[in-house]
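What follows are several structures.
Shared between the two complexes below is chain A, which has chain B as its partner in the first and chain C in the second.
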Partner chain A sequence: MAEVTIDNLTKEYGSIVATNDISIDIDDGELVVLVGPSGCGKTTTLRSIAGLETPTSGSIHFGDTDVTDRAPQDRDISMVFQDLALYPHMTAAENVAFPLHADGQQPETTVRESVEEVARATNCEEFLDKKVVDLSGGQRQRVALARALVRKPEVFLMDEPFSDLDELLKRQLRAEVVRIQKDLGITMVHVTHDQEEAMTMGDRLVVMNDGEIAQMGDPDTVFNEPARLFVATFIGSPQINRFDCRIAGDRTLTDGELELELPADAADVLDGATGEAVTLCIRPQHLSWADERPADSLAVPVSVNVIEKIGTEDIVRCRTAGGTEITGVVPAGALSFGQEGYLVFDPSQLHLFDGHDENAPRLN
Partner chain B sequence: MATTDTRLTPALGKLFLLIYAVFAAFPIYWTINTALKPLELINTFPPTFVPTDPSLEAFTWVLTNSRATGSIIDSLIIASGTTVLSVLLGALAGYGFSRYGDDVGGEDVAFWLLSTRMFPPIAVVLPIFFIFGWFNLQDTHIGLILLYLTFNLPLTTWLMRDFFNKIPYSFEEAAYVDGYSPLRAFRKVVFPLVRPGLIATTMLSWVFAWNEFIFALIVTGNDVNPYPTIIPTLILSNQILWNQIMAMAVIVTIPPTLILIAFRKHIIEGMTLGVAEV
Partner chain C sequence: MSTTRWDISLPVVGDRLADRELAPYLLVGPTIVTVFLVTIGPMLWSLWLSFNRWKPGSLAYQEPTFTGVDNFAWLFTNDRFIHSVVNFAYYGGVGVFIQVALGTLLALALYNYVENQTLRVGLLTLFVVPMMYAPLVAGRMWQLLFLPGGGVVNGFLGILGLPQPSWLGSRWLGLTSIMVADTWRASLSDSLYEAAQVDGASRWMMFRRITLPQLRNLIIVAAILRFMDAYKFFDKLFVMTNGGPGSTTELPTYFTYLVGFQNFNIGRAAALTWVLGLGSIITMMLFWRYMRTVEEV
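Right after this comes the complex of A and B.
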């Protein structure tokens, strides 16, 4: 196992910049998740670590070794591909054993032992002798994992391998991958567009957008203190509420319809804003319902428009008189359609950003 | 009513297939039937459907006459030479176009390759005759092999490109990541998967070269005589040697039939590659 150091990685395809000056340090045994919308450069970064892309500039080190110009076969990595890339002309066992035959040196008994050992760890002993085409989606995932793990590589890479699975299987396999990764102390880089998957799996998240790193940090930090407006809107489900405002007074923001009166400590940071434009965000979980306007707190009058039941709680999509949509999370069954009242903002959970574009930095 | 229908439909289907099978097989039967008749019985009316006194005379002629055997050997040399070259080059080119084709035309490559097959070959027969004269390629094996190569190579390239396209590039990348060199990755992963396609392509290429008539007639004639050019010589001014023609036809059908039987599993797989698999 090794730490991975990416320095100023830039990859251009003609005039298109896929990754722009990316630097990431990954510790030995750490699980880092690259997350972002499609086309954000996360897969390019992963493929550069694998050696499947040659960076335009920048360098990649495994430990102290510079691997920037090494071919993939000389890097001691393994990778689970998005389409898994299992070979249909081989059985599951032959697929798992495939990396061990790369140098043609391993005796057959050792290969057999290694395959059985990794099959136990990934729960795919039962279908080792089946052809890949006869396996279910979840079984294929396990075989692909086993094939990637069998050689005990320096760095383990995963390119959205769970994207085609149903929700239940996805959760199961995520948990299993994290367990195996912790058990074996593997350095792992996982790529996904699914922010929930990123939050549940990663020791550390690298949120990417437009070829750049928007924020790097542990899941709690990324969730609770998004560094840029993009991160705030991308991470978290249901999506964060966003108000594109202008500064209308010492403590007051307006988005054209609503007058939002900030608490004193939040208002202080407005001094740091470069212009008039400020974006206020608050997560649905940090809004609460009140039938009467509460005194001395930031609240918005709304009526309930849509109620989505998720079992333990209801997601309520509300609407102001002027048509602004605001989403809140309330206890199950608390509200009914059309009900009128106030959504009260938790003053300690406000996120303020300097501007309206997605790169706007955090103010508070 | 409904139950009658469901029982009747498969029976009707089988009847239709039977009629079609008879329709398709009859010319083959008639070829064999004619080959076994003595010449004087061939034009009798009504024709005899079962030869009363079958004679192997015509087959003996094909297998012992030096012109006939020589022509079959010539055809074997030319068809095999063409096939080896066109499949080898076509597979390499097809792989290149499949994996790196975006830099040289992308999807237009497929049309460009195929468009060479739309050109009527007869239009270039005369120029080819003169060009082959200048380069002393007339009446040689290599001349006809090169000529057939120009027809076959676009087809084999196009087919192989398609077969390679059906093998995801990630299969090779996965092998690289697992420590395989590009050559070993090709041998262990790509080749086994493309083999049915390769066999189907070989078959098509071989059959074209084996059966081609017009160009063989124009550019050969003395030293080299592919069998299709021998058959017309059996039409004499005063009579047509139908039994020898038919015996020749039966014998030259044997090699492609054997190939087809030997590789039938692969050929069907090749024709349906990517449809039935994964």
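Right after this comes the complex of A and C.
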């Protein structure tokens, strides 16, 4: 295993810049998740680590070794592909053994032992002798994992391998991958567009947008202190509430309809002049319901428009008189359709950003 | 067969159940009769003839006369026939093998090394153009190129001091296999090769363990098509050599033609046809079985 250092990685396809000056240090044994919407450059970054793409500029080191110009064969990596890329004409066992046969260093008995060992770890012993075409989606997934793990590579890469699975299986496999990764102390880079997957799996998230890194940090930091407006809106479910405001007074913001009076400590960061653009965000989990306007709190009068049941809680989509939609999370059954009242903002959970565009940096 | 299905798909012949049951037979009847008259009937007749001596035009055997297995006995003791089968084994076996192997390699090379899509399709088209020639025309052209002593290709080889093989019969590089292999390769996901690269496979290993096994079924198809072509390799032979010099390049089909349509020894020709037909079927079945076991890596 090794640490991975990506320095100033830029990859251009003609005039399209897929990744722009990306630098990431990945520790030995760390699970880093590259997350972002389609086309953000996360897969290009991963494929560059694998050697399947040649960077336009920048370098990639495994430990002290510069691997930038090495072929994938010479990098000691393994990768699980989005479409898994299992060899369809082989059995599961032959697929898993393939990297060892490619290596050609081990006698056949050792190969068989390694295959059985990794099959035990990934729960695919039962269908080792089946052909790939006869396996279910979840079984193929496990075989792909086993094939990637069997060689005990320096760096383990995963390109959205769970995207085609059903929810239950997806959760199960995520947990298994994390367990195996921790057990074996593997350096792993995982790519996904699913922010929930990123949050549950990663030691560290690298949130990417438009070929650049929007924020790097552990899941809690990224969730609680999004560094840019893009990160705030991309991470978290249901999506964060966003108010595109202008400064209207010392402590007051207005989005055209609502007058939002900030608590004193939050207002401290507003050193700009009246009329300057500021975005206020608050997560639905940090709004609470009140039937009467509470004193000394930031609260907005709304009526309940849609109620989505998710079991223990309800997601309520509310509307202000002027039609602004605000989403809150309340205990199941607490509210009914059309009910009127106030959504109260938790003053410690406000996120303020300097401007309205997605690159706007955090103020507080 | 469910009656409801006929209700949907057929114009109504009549409403009575009897009509409905009869309708399908009425519809395919003409085809069945035609097939029987032009294919199955004559086949059975020729099978019967193969046990008869029949030489229309001769005095002794104006009418078919039953002679048991005499025709077959004659056949298997006839040096000229044995020799023609050996020739065929050479053209059909070695020739098809070389054609399919070269065709496959050429297609893979085309796919791997010519990245420009337009250029690739253009080259592919050029390779395939000779298939469009009328066989007789192609035969004449090859004759000019490969004529021993005077043909362009052998002339060159002679200048270079190389042996001048008898080329006649090997058709340009198994065009079928080129097309088949190219189509197949274009449809195969690149991620398999990327996975193999990541898994540390060498080029040879990728070819041997991924490309070849996946190509197997198509190679079988290409080889069978080429074998059929080789079997029917009559017209070009007729144009180019007439089986000669002497009977050295004679193929079984040509020999059959001579027996049947020059000597008018219909019984013997029928026996020849049946032996050759069954022989090819058995050969192909054995080949197919063999390939199925080879493919399992």
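In this text, the second predicted complex is superposed on the first by the 358 of 364 C-alpha atoms of A that agree within 3 Å, B and C clash if a C-alpha of one lies under 4 Å from a C-alpha of the other, contacts with A are read in each partner's own complex, and residues count from 1 in each chain.
Here is the rule we go by: a contact is a pair of C-beta atoms (placed from the backbone, for glycine too) under 8 Å apart; a residue touches a chain by one contact, two chains touch by 3 or more.
Only a predicted model underlies this, so the values are computations on that prediction, with no experimental measurement involved.
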| field | When chain B and chain C are modelled together on chain A, clash or fit | value | clash
| said: In the overlaid three-chain picture, which partner chain does A:Ala85 touch, first (chain B) or second (chain C), both, or neither? | reply: both
| said: Contacts for A:Pro99 in the overlay, against chain B (first) and chain C (second): which applies, first, second, both or neither? | reply: both
| message | Once chain A of both complexes is superposed, is A:Ala71 in touch with chain B (first), chain C (second), both, or neither? | response | both
| request: With the two complexes superposed on chain A, say which partner A:Ala50 touches: chain B (first), chain C (second), both, or neither. | output: both
| request: Could you look at A:Arg174 and tell me whether it touches chain B, chain C, both or neither (first, second, both, neither)? | output: neither
| Given the touch rule stated above, what does A:Val133 touch, chain B (first), chain C (second), both, or neither? | first
| query | Thinking of the overlay built on chain A, is A:Lys11 touched by chain B (first), by chain C (second), by both, or by neither? | reply | neither
| note | Residue overlap on chain A between the chain B interface and the chain C interface 50-52, 71-73, 77-79, 81-83, 85, 87-89, 98-99, 101-103, 147, 151
| note | Interface with chain A, chain B side, in the complex: residues 168, 170-171, 173-181, 184, 188-189, 192-193, 277-278
| message | Quick check on the complex: what are the chain C residues that touch chain A? | response | 189, 191-192, 194-202, 205, 209-210, 213-214, 295, 297
| remark: The residues of chain A that touch chain C in their complex are 50-52, 71-73, 77-79, 81-83, 85-90, 94, 98-99, 101-103, 147, 151
| message | Using the touch definition from the top, list the residues of chain A that touch chain B in their complex. | response | 50-52, 71-73, 75-79, 81-83, 85, 87-89, 98-99, 101-103, 132-133, 147, 151, 157
